[in-house]
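Pasting in a structure now, in structure tokens, and then I'll have a few things to ask.
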Amino acid sequence: MLGFLLLPVLAIFLRIPPGDLLDGMRSEAAIDAVIVTAKTSAIANLLILLVGTPAAYLLATRRFAGRTLVITLIELPLVLPPAVAGIGLLAAFGRFGLLGDQLTTVGLSIPFTQIAVVLAVTFVASPFYLRAAIAAFEAVDPNLPAAARTLGASPARTFFRIALPLAGGGLGAGWALSFARGIGEFGATIMFAGSLQGVTQTLSLAIYEQFDVEFDLALAIGAELVVVSAAILLVVKLVPSWTRSSSDSTTLFAPSRSA
Amino acid sequence: MDTLFLGLDHPLRAFSLRVELEVGRETLALVGPSGAGKSSVLRTIAGLLRPAEGRVALGSEVWLDTRPETGHPISLPPERRSVGLVFQEYALFPHLSVEANVGFGGRARVAELLERFAISELARARPAELSGGERQRVALARALARDPAVLLLDEPLSALDAHTKANVRAELGELLRELELPTVLVTHDFEDAAALADRVGVIVDGRILQLGRSAELLAAPASGFVASFTGANLLPGRARAGLDGLTEVALDAGGTAYSVTAGTGRVGLAVYPWEVALSREVPSDSAVNHLHGSVTSLVSLGNRVRVRVGPVTAEVTTASAERLALREGELVVASFKATATRLVPL
Amino acid sequence: RDDDPFTVYAAASLTESFPRIAAGARFQFGGSNQLALQIRQAAPADVFASASPLYTQQLYREGLVERPRMFATNSLVLAVPKRNPAGIRSVYDLAKRPELKLVVAGAKVPVGLYTREVLKRLELLRVLRKAVSQEPDVKGIVGKLALGEADAGFVYATDVRAAAGRLVAIPLPRRSQPTIRYEVAVVRSTKNRAGAFELIADLLGADGRRELARAGFGLP
Amino acid sequence: MLGFLLLPVLAIFLRIPPGDLLDGMRSEAAIDAVIVTAKTSAIANLLILLVGTPAAYLLATRRFAGRTLVITLIELPLVLPPAVAGIGLLAAFGRFGLLGDQLTTVGLSIPFTQIAVVLAVTFVASPFYLRAAIAAFEAVDPNLPAAARTLGASPARTFFRIALPLAGGGLGAGWALSFARGIGEFGATIMFAGSLQGVTQTLSLAIYEQFDVEFDLALAIGAELVVVSAAILLVVKLVPSWTRSSSDSTTLFAPSRSA
Amino acid sequence: MDTLFLGLDHPLRAFSLRVELEVGRETLALVGPSGAGKSSVLRTIAGLLRPAEGRVALGSEVWLDTRPETGHPISLPPERRSVGLVFQEYALFPHLSVEANVGFGGRARVAELLERFAISELARARPAELSGGERQRVALARALARDPAVLLLDEPLSALDAHTKANVRAELGELLRELELPTVLVTHDFEDAAALADRVGVIVDGRILQLGRSAELLAAPASGFVASFTGANLLPGRARAGLDGLTEVALDAGGTAYSVTAGTGRVGLAVYPWEVALSREVPSDSAVNHLHGSVTSLVSLGNRVRVRVGPVTAEVTTASAERLALREGELVVASFKATATRLVPL
């Protein structure tokens, strides 16, 4: 099983003619793509972390009717074919989409802009983070935040000083997955944001463009993506965490006691 | 120092928790079986559980009132109630040092508290590196750092190894006496309750069954639970009025016993081990209850021996055990006076 | 030919017409470049129909297919969404609209090459600066126009017919039209050469020509 | 956040012209696609369950050096852009791939066959199952299998009678995710298996093919996919499980005590 | 019935577990602090832990031998060792009914065992629906269903509520006597060990510190751990030879005490509460040790009162406590004889 999962990854590397990696990085398109990717990824991940972390905390600590349904709905984008996701984004935020009129009124046109890239990446990547973050917060012994409150800490202080550091390992691992998924995102982005060099063409889109023409170059960029993703996954996992469990490494899909 | 008042009515999974308590400058122990609602009482006082209905007040300061006379319900969040809560498993912050744990609620008194609890040397250690007794001291120090007006302790001794428990209990007792705070202490050990508390409340299925000094509980257990909890033999049986104003109890385990307490129907006959005497033959003393049985176990505890005879345990001195040359399997007679028994509802 | 169905690899723009011509065959539609790539990877194609001679000729030189034959032509049009939000009436309007969402194909795919050829002939290359996206294939352009997100895009004439009702075609001046030739060839590794040639004969025959014409193709 | 994640999904449904849903299901291409999808999905999922379950069990219960690394490697396909995954599969199993010579020798040509579809689906979907299954098996109190052994049960009987039923909820949830991901799989399949109607054209590929032909039909099929995936996710979650925790619903990313 | 032999040497996280035991037709209790290696011993016998080196045999049947004279190491898997293991928290299969749990190891005797343990009515219940005592009986029945030749019990009483424990312990004792199997029982409660076991082994940091009958442990604790575990007061101090052949111990808590045991350097002075007498004035009896202090707690336990005076606890009769009119905070003298003390290493 492991062999089967690894072989294709390995094969990509064996396929790259030496030197192409550097060549790939020197072309103007690749440099533009790196810049676009860095920028949109940074914003998307910031959004995911800043909005997703409190949202996950609330979902993890509050019990309410329909909670399982809400968590399932959060997971839906995980299983959406990316192109369908892209159409969905257009249907929601496009000119003739659900929010089209409102957006037009405020003079905002989202498709084909970097905002669209950010939204597409956020849409496909955030469920990875949210799911892991909910699990990580659920794994925090609820007595610890409770203890903080009885010691006079406000809900905010409790969150920052207790819940956040204790869930840290799981949050990091979830974020790594979400980051990697965002970097590799293709289908929803091309549908919703298009692919314009220097504006919306991310690394994944650039790879695709190079496919037929410069297959080896595309492979080289693809390989780079794999290396970056793997490195991030691994590093985040090896960062020690202070979860109560006797884990010798942080968990990716952290312990969860609920849906 | 103000009196803590608590009244609450709250549906739990299997029953409703309905409790009223007033705790002055004393330690009140809450005892009871697992799931009886003991922790829930503490959580209500601390503000971690908001009951369906209830009132919590410290003197004139109202912390919770779901039906105040003046309009809107009051419910202060935990951080605005002056309580120190020591959690069942201590709930120390695993990512913070001992010092940071203690200082979490207030930096001012940290050094003094570390000193007071003899954990200054551990200031930089993480909770995972501490022994059970050390953890308990850190938890206490942390709870006291805010100078609480009420102290709540949830099974502070149950996480300790048996052999460290005695000393830690003594230390805790001294501390409580010194603090003179209204204190509610949850425990499942009668000896702990008796040692640490001025009054003991027995809570079963969300209701307080009996509340009083530990000696009162021992002298007149209100129920089978209280009796067996305080260490009595509890012999279930069926009671009816007998001769001489005595109640006659047909024991489930066989035989008949007599009690001075009145009662009919299904009852438990409670008798403490030290009220049970052992002999080879039926003695000619004033005891009217005689149970014949074989010795099933002999436990020597220093100057006393606990002897199990059929359904009852007797506690006799080592001297008399030796005199009788008791051995497992031998037939003996366990005798106890009708005046030494209590009939309790089961 | 009867027991083992026939496999035709055909350019995406043939998606509607081909099944009508060779009813018994199985089809794989896709970008001609992608299909060529797959044939190189030993894909089990019997016949390859490409939207550009580029790929058939390449494969022919590599000895992977028999001599290709041209069977249809196509033309490029400017497509706009049915409600035409930018009010485009002719290709020259592209230059006149200050705010325009134009979608074109990337310079490395056939339709993108043709687009640039047309614009060059019309001396309108500057409108490429209004392109909001350089799509990797025609489907991306059609999708965005169909949803009304883009104002205009260059696609094949046959695409507009296929997208029944959602798109409106604006013809390009005849002088600017590139020659878009479709070629078909038998794949060397086919196990049913006779059948393959028969299919090509059908395609070039009367029935085939009728269907192609109906789909909007030009005939050689 | 939830609104953002839901809006696009919702928007798709509002976009579908009524009646198209049924029409979509009646076209020959759609019927073929359903058959191909059902067949390849069934085989892929069988493979995933039959091979993945014991593999996950071993990974969950054995401790060895490099375990974190192995689990990270299993997660890699999760973050691979699907098209890159497809290239990887070609590079591994294609005619000119790593195993090309060996496969040719035994007369096996994998790309562009249903085998390729199965492999592509397995490759992208199995990490979802594996990760959840490892977590589910880790969540089983290790004393329970140990107790079974001391009661005379062989390792096999212990696995089937104890570990499997106890991990059941988590396995089901993981499988649902993996199933849904497999159904929605597009990029790797088109690269590695092509999109041949009746052979390798799955539902997702059919959606894509219909895109410039019958856009509404494509949307309708996409919406159906979403409904099926969501239903499966939800149903599997609501099936009660016998995990030790007092969970009121099974967990998707089940409790995990390790990497 | 065969004798169980165990020898093992196995590195654990913090120390090596090195134990040799022989258990005949008897119950051996293993006691010791948390993490001492008690469960690991049971797991080695059951085959759930394979030690680096070791030998486990039942009579002539070898279950484990890492260095046999005849070539290849032997290690039977758990299912081929005839052991019944009752886990610390029972480890009942939560997805199976009581009946299926008991029948997991063998269907033949299920009905009989359910009957025997009075759980026939619970046959269809799931473990989650049972009380602690019921769970324990199911676990025992399950372990016995295979007719094991060796019985291993890991803290069988610790998951029980205090008030049900006494009865369950009595039942368990009767069962063990009846079965007459080599039994190893792990517990952290000395009274449990004394009640249930013929011999008690004290294990600390992987080594057996002392092994003997519970009365022997009480009479001559080999270490500070054993002393406090059996209920002694343990007063740390520094010993040097004194007059009259007595050892003089300068107590850390202040004051000096004398013991008949020889010793120098850091020691613990162990004295049982029932050896400590209380009085208002220094008595003129033969006790040479007198500690002055104030009463910090009084716990009445039926006919006895446990009184904490400074660092020691004294156990006196209720009668003498009443005669002295003891109250908290009052100054008293705690006296004990030099012959009643033991010096133990700390």
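Which chain is which? They are A, B, C, D and E, in the order written, and residues in each are numbered from 1.
Note that in this section a residue touches a chain if its C-beta (ideal position, glycine included) is under 8 Å from a C-beta of that chain, and two chains touch if they have at least 3 such contacts.
Not measured: the values here are computed from a predicted model.
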How many steps does it take, at the fewest, to get from chain A to chain C if each step moves to a chain that touches the one before? 1
Greatest Cα-centre separation from chain E belongs to chain C
Which chain has its C-alpha centre farthest away from the C-alpha centre of chain B? C
Distance from the CA centroid of chain A to that of chain E, rounded to the nearest Å? 54
Distance between the CA centroids of chain B and chain E (whole Å) is 23
Could you please state the distance in Å, as a whole number, between where the Cα atoms of chain A are centred and where those of chain B are centred? 52
Taking each chain's centre as the mean of its CA atoms, chain A sits from chain D at a distance in Å of 19
Residues in chain A with touches to at least two other chains are numbered 87, 91, 208, 211
By the touch definition above, chain C meets two or more other chains at residues 143
Two-or-more-chain contact residues of chain B, please, as numbers and ranges. none
If you go through all the chains, which pairs of them touch? A-B, A-C, A-D, B-E, C-D, D-E
Can you check the complex and tell me which residues of chain D touch chain A? 1-2, 4-12, 14-15, 51-52, 55, 68-85, 87-89, 91-93, 97-99, 119, 122-123, 126-127, 130-132, 135, 139, 177, 180-181, 183-187, 204, 207-208, 219, 222, 225-226, 229-230, 233-234, 237-238, 245-259
Inside the complex, what are the residues of chain E that reach chain D? 43, 46-48, 77-79, 81, 83-85, 87-89, 91, 93-95, 104-106, 142-143, 145-146
In the complex of these two chains, what residues of chain E are touching chain B? 33-34, 132, 161-164, 166-167, 170, 173-174, 177, 188-191, 194-196, 214-215, 218, 225, 228-229, 231, 272-275, 296-297, 299-304, 306, 308, 313, 328
Touching residues of chain A toward chain C in the complex: what are they? 87, 90-91, 94-96, 111-112, 190-191, 193-197, 200-201, 205, 208-209, 211-213, 215
In the complex, chain C touches chain D at residues 5, 7, 12, 15-16, 26-30, 38, 41-44, 138-139, 142-143, 146, 159, 162-164, 166
